[in-house]
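Heads up, the thing below is written out as structure tokens.
Letters are used for the chains, namely A, B, C and D, taken in the order the chains are written, and counting of residues starts over at 1 for each.
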Amino acid sequence: MAFGVEQAKRWMSIANDHIQQQKQYLTELDQAIGDGDHGLNMARGFQEVVEKIASANYEDLGSLFKDISMTLIAKVGGASGPLYGTAFLRMSLALAGKKEADDKELIAALEAALDGIKARGKANVGEKTMVDVWEPVMEFLREKESLQVKEAALLAKEKMEHTKELEAKKGRAAYLGKRSVGHIDPGSASSHLLFAALAEALEG
Amino acid sequence: MKKLINDPNHVVNDMLEGMAAAYPNRLRRLPGTNVIVRHDAPVKGKVGVVSGGGSGHEPAHAGYVGKGMLDAAVCGEVFTSPTPDQVLEAIKAVDSGKGVLLIIKNYTGDVMNFEMAAELAEAEGINVAKVIVNDDVAVEDSTFTTGRRGIAGTVFVHKIAGALAERGASLEEVEAAAKKVVQNVRSMGMALTPCTVPAAGKPGFELGENEIEVGIGIHGEPGIEKTAIKTADEIAETLLNKILDDMKLEKGDRVAVMINGLGATPLMELYIVNKKVSEMLEEKQIRIHETFVGEYMTSLEMAGCSISLLKLDDSLIELLDAPADTIALKK
Amino acid sequence: MKKLINDPNHVVNDMLEGMAAAYPNRLRRLPGTNVIVRHDAPVKGKVGVVSGGGSGHEPAHAGYVGKGMLDAAVCGEVFTSPTPDQVLEAIKAVDSGKGVLLIIKNYTGDVMNFEMAAELAEAEGINVAKVIVNDDVAVEDSTFTTGRRGIAGTVFVHKIAGALAERGASLEEVEAAAKKVVQNVRSMGMALTPCTVPAAGKPGFELGENEIEVGIGIHGEPGIEKTAIKTADEIAETLLNKILDDMKLEKGDRVAVMINGLGATPLMELYIVNKKVSEMLEEKQIRIHETFVGEYMTSLEMAGCSISLLKLDDSLIELLDAPADTIALKK
Amino acid sequence: MAFGVEQAKRWMSIANDHIQQQKQYLTELDQAIGDGDHGLNMARGFQEVVEKIASANYEDLGSLFKDISMTLIAKVGGASGPLYGTAFLRMSLALAGKKEADDKELIAALEAALDGIKARGKANVGEKTMVDVWEPVMEFLREKESLQVKEAALLAKEKMEHTKELEAKKGRAAYLGKRSVGHIDPGSASSHLLFAALAEALEG
């Protein structure tokens, strides 16, 4: 499966569509156990991303993901801004100079993104954050060694739903303690949207 | 949602314009940013003191920009940490070569964004120190979790770090003083009503006519516990006892007290809360050096209050009493 | 009704105790009364300046007691004029022999109670002058009716009369300055929500989710007109235009502006209102000498705001800029 | 009809009963066109009045009404405090030294009370204040030259209801302009209670 600048742009564009559509839903998830801005943050950031990358021409994936990263860092704010910003920054480093990435290279780049999220947020699996989606999804892809993006998206969905059962230990929901149980983590939901968009961009 | 606003998506910009227009001799808005700086920034020979966070906590943080407190406030979207590029602009605008202290409330987003800005500033050769405020005793303290939140007690950090910086102290000294405040300040809050983020359009949670949220933060999120409404005396007792459990004050200790309104609470009610707080402290023979009653760190139009206690020693008292000339706090 | 109170019938007493406890070095409560006086009252060689009215307008009026403003504030029940005996106690406590000025908001009850107190004080040989503030342009002015109400513009009267009294001016001079402010100050307000007098237990009126009251007073009463909710810009325009119609300012005139929150309005929204107000004044080439944004004269937990304009000349500017050291206004 | 200290005390006691019972109603009337404290003000004041006069012995009507007046002035506040306070002060002057008052004397004292209200409040008939009850009632009693208190109370009720149709020119309701039409004036309602109580005290 070829993953070049065009595919990457399509990924972002589909991701943005999902996020704009689910803006209210993401915000409601965040109102339940956070501060009710996750949908607003993500919608603001990804809208800027698609506008930014639409007009520009990119020689390689690295420079495209650099722009995506910088835009997210500067526009999202909150916790998700630095986290997703760092994720895409790590992807841009992993894909620097590459016009196209094969399965292995893209998986490695996504792996770097996960490492970035964990380095920035210092969260581990089970703490009710986006890591609870990213980590099992990357485990799956790492094992498969091929970009089974549809299965990855389904797994992301399942893991997102699983965050309902967790008690938050990191992020804003941690302040709620046990009251955080029973609600889906908003960042896990937006992470699911990213994996779903990737699947659609590559296979849809 | 009924609010005195124009477009819900432009409240921060509109607010900052209105604020800059109100105080042209005190403040400047850095062009193209959501950063408010002292009109005379950078101040020569002075460590820069920068704070900020999401908007919606007014007068925090821009209300504390001025002589004796902050050099700059970085204003994020409502309840959303500002981004690193904005924080970086603030740092650059106030650095006079003596370095910059960042006062950060302990929220994952704030910590990460300010840290990223600090890294960028260091890369540009600016000396940056950070202090993370986590005064909210409602949340269990633990190194395995996010830890405690920073709430109204942060204003004491601004005051004391700002006073020391104004005297020309070094970055290390200012940082140490700020950390000392963090170690000695504890707060806890409660809400009678939720609040509505303008762009979200509906309240962050719901409360019945006879319910309150105890252990509330300042971002419209639910508190630690929902309970039945109680009298002001009982509420003051709950909050203050939780604070005192954590602080372990002794007879004769001196404190500063802050009774902070969350946005929609009439001043009358804050004074009623202070009646009980002052009685309880007197009974325990804790000496009140100064009491602050008013809106210092709000949560939009939330009704409710927080109580903060800062344990003082001679050096903190001197800095607390030092002059300050800001919109929201003057001495 | 959800409030941070104990007994709805004792809110004024509880508040005054909490206030006196908060500021022992600034204020004293006259024993057995609801009168708050400067800690150093009566001040030798100084005309006493006394104001007051119903409670529920905090920080008015006790928040303005202190150097450069009021010598005493008489606090009635919530939204109820204080009684003559209380006003008399205040007059006696602050008179140093130079006489006392009463600053009265134009409400039948306030006027009658303060007048009766003035008569009683005169009978005891104290020189008393009165000034009646009626800045609210929402109400039609007429000598055949009650006339206009006194609202937030009253704070300018406190500031300027207080500053002149502090300089040792005579009762006639202080009275003349206060009257000059009254002639030059105009205000108008609006509400997004009603408020609830604690002892009444339910709101003074009802408003739909998309309704506002325009031309509101500060006693929880309905306004002049109920209209659909508008943007902050439109609301600012409505209020300011009504004020300007009445004031007839000219290019180059200097004014002080007050954007006053009625109790539950986030500061953010007041700044958004100020954005439009400052733009409109700039367009008309009216020079803004100073802008006050905050809660100066509230109506319990009412959401909404009022705008006040004070036309200035050199002598008023000097007195407005003069030092003041009170809880709610410091210079 | 004999009107002595006992009758006067009974008048106040019945008036207080009515006011305590109607406290909420008076406050609601005041919420509609005023500031919602009239019931609270009157209830606070008259409660103090009955407590004050219950224990004391009075030689004459003048000293009783002086106490009533002073208590109302010091406890009611608002507009109604000085108005009713002045009314009873004028009655105390009119009845000074008298152990009992005959019809003519009591009517003259009530007339003095009305004069006091008008002097203090500067309101005339038709301005939607308590004067709209007092003035026609006193006209009626003046004409009859005998204490037809039941008829007076009925007239007070009728006149109170008539205030509904008036636009307020004095007092707090004047700020509402035309919006004040359609509501009973709270002070007229409390004045009606006073006349009703007088009828009950003397005839009930």
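In the analysis below, contacts are C-beta pairs under 8 Å (C-beta built on N, C-alpha and C of every residue); 3 or more make two chains touch, one makes a residue touch a chain.
Composition by chain, UniProt nomenclature: A, B, C, D = phosphoenolpyruvate--glycerone phosphotransferase.
None of the values given here were measured: they were computed from a predicted structure.
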{"item": "Approximate Å spacing (C-alpha centroids) for the pair chain A, chain D", "value": "75"}
{"item": "Computed distance of Cα centres, chain C from chain A, in Å", "value": "54"}
{"item": "Where chain C and chain D are represented by their mean Cα positions, the distance between them in whole Å", "value": "31"}
{"item": "Of all residues in chain B, the ones touching two or more other chains", "value": "none"}
{"item": "Chain contact topology (line, ring, star, complete or other)", "value": "line"}
{"item": "Interchain pairs in contact, sorted by label", "value": "A-B, B-C, C-D"}
{"item": "Residues of chain C defined as touching chain B within the complex", "value": "2-6, 11, 14-19, 21-23, 55-56, 58-59, 63, 192-193, 209-210, 212, 229, 231-233, 235, 259, 263-276, 278-279, 291, 293, 295, 298, 300-301, 303-305, 330"}
{"item": "Residues on chain C engaged by chain D in the complex (per definition of touch)", "value": "54, 76-86, 107-109, 112-113, 116, 138-140, 144-146, 149, 197, 199-200, 202-205, 217, 219-222, 224"}
{"item": "Touch list for chain D against partner chain C, complex", "value": "27, 31-37, 39-41, 44, 73-83, 120-121, 127, 169-172, 174-177, 179"}
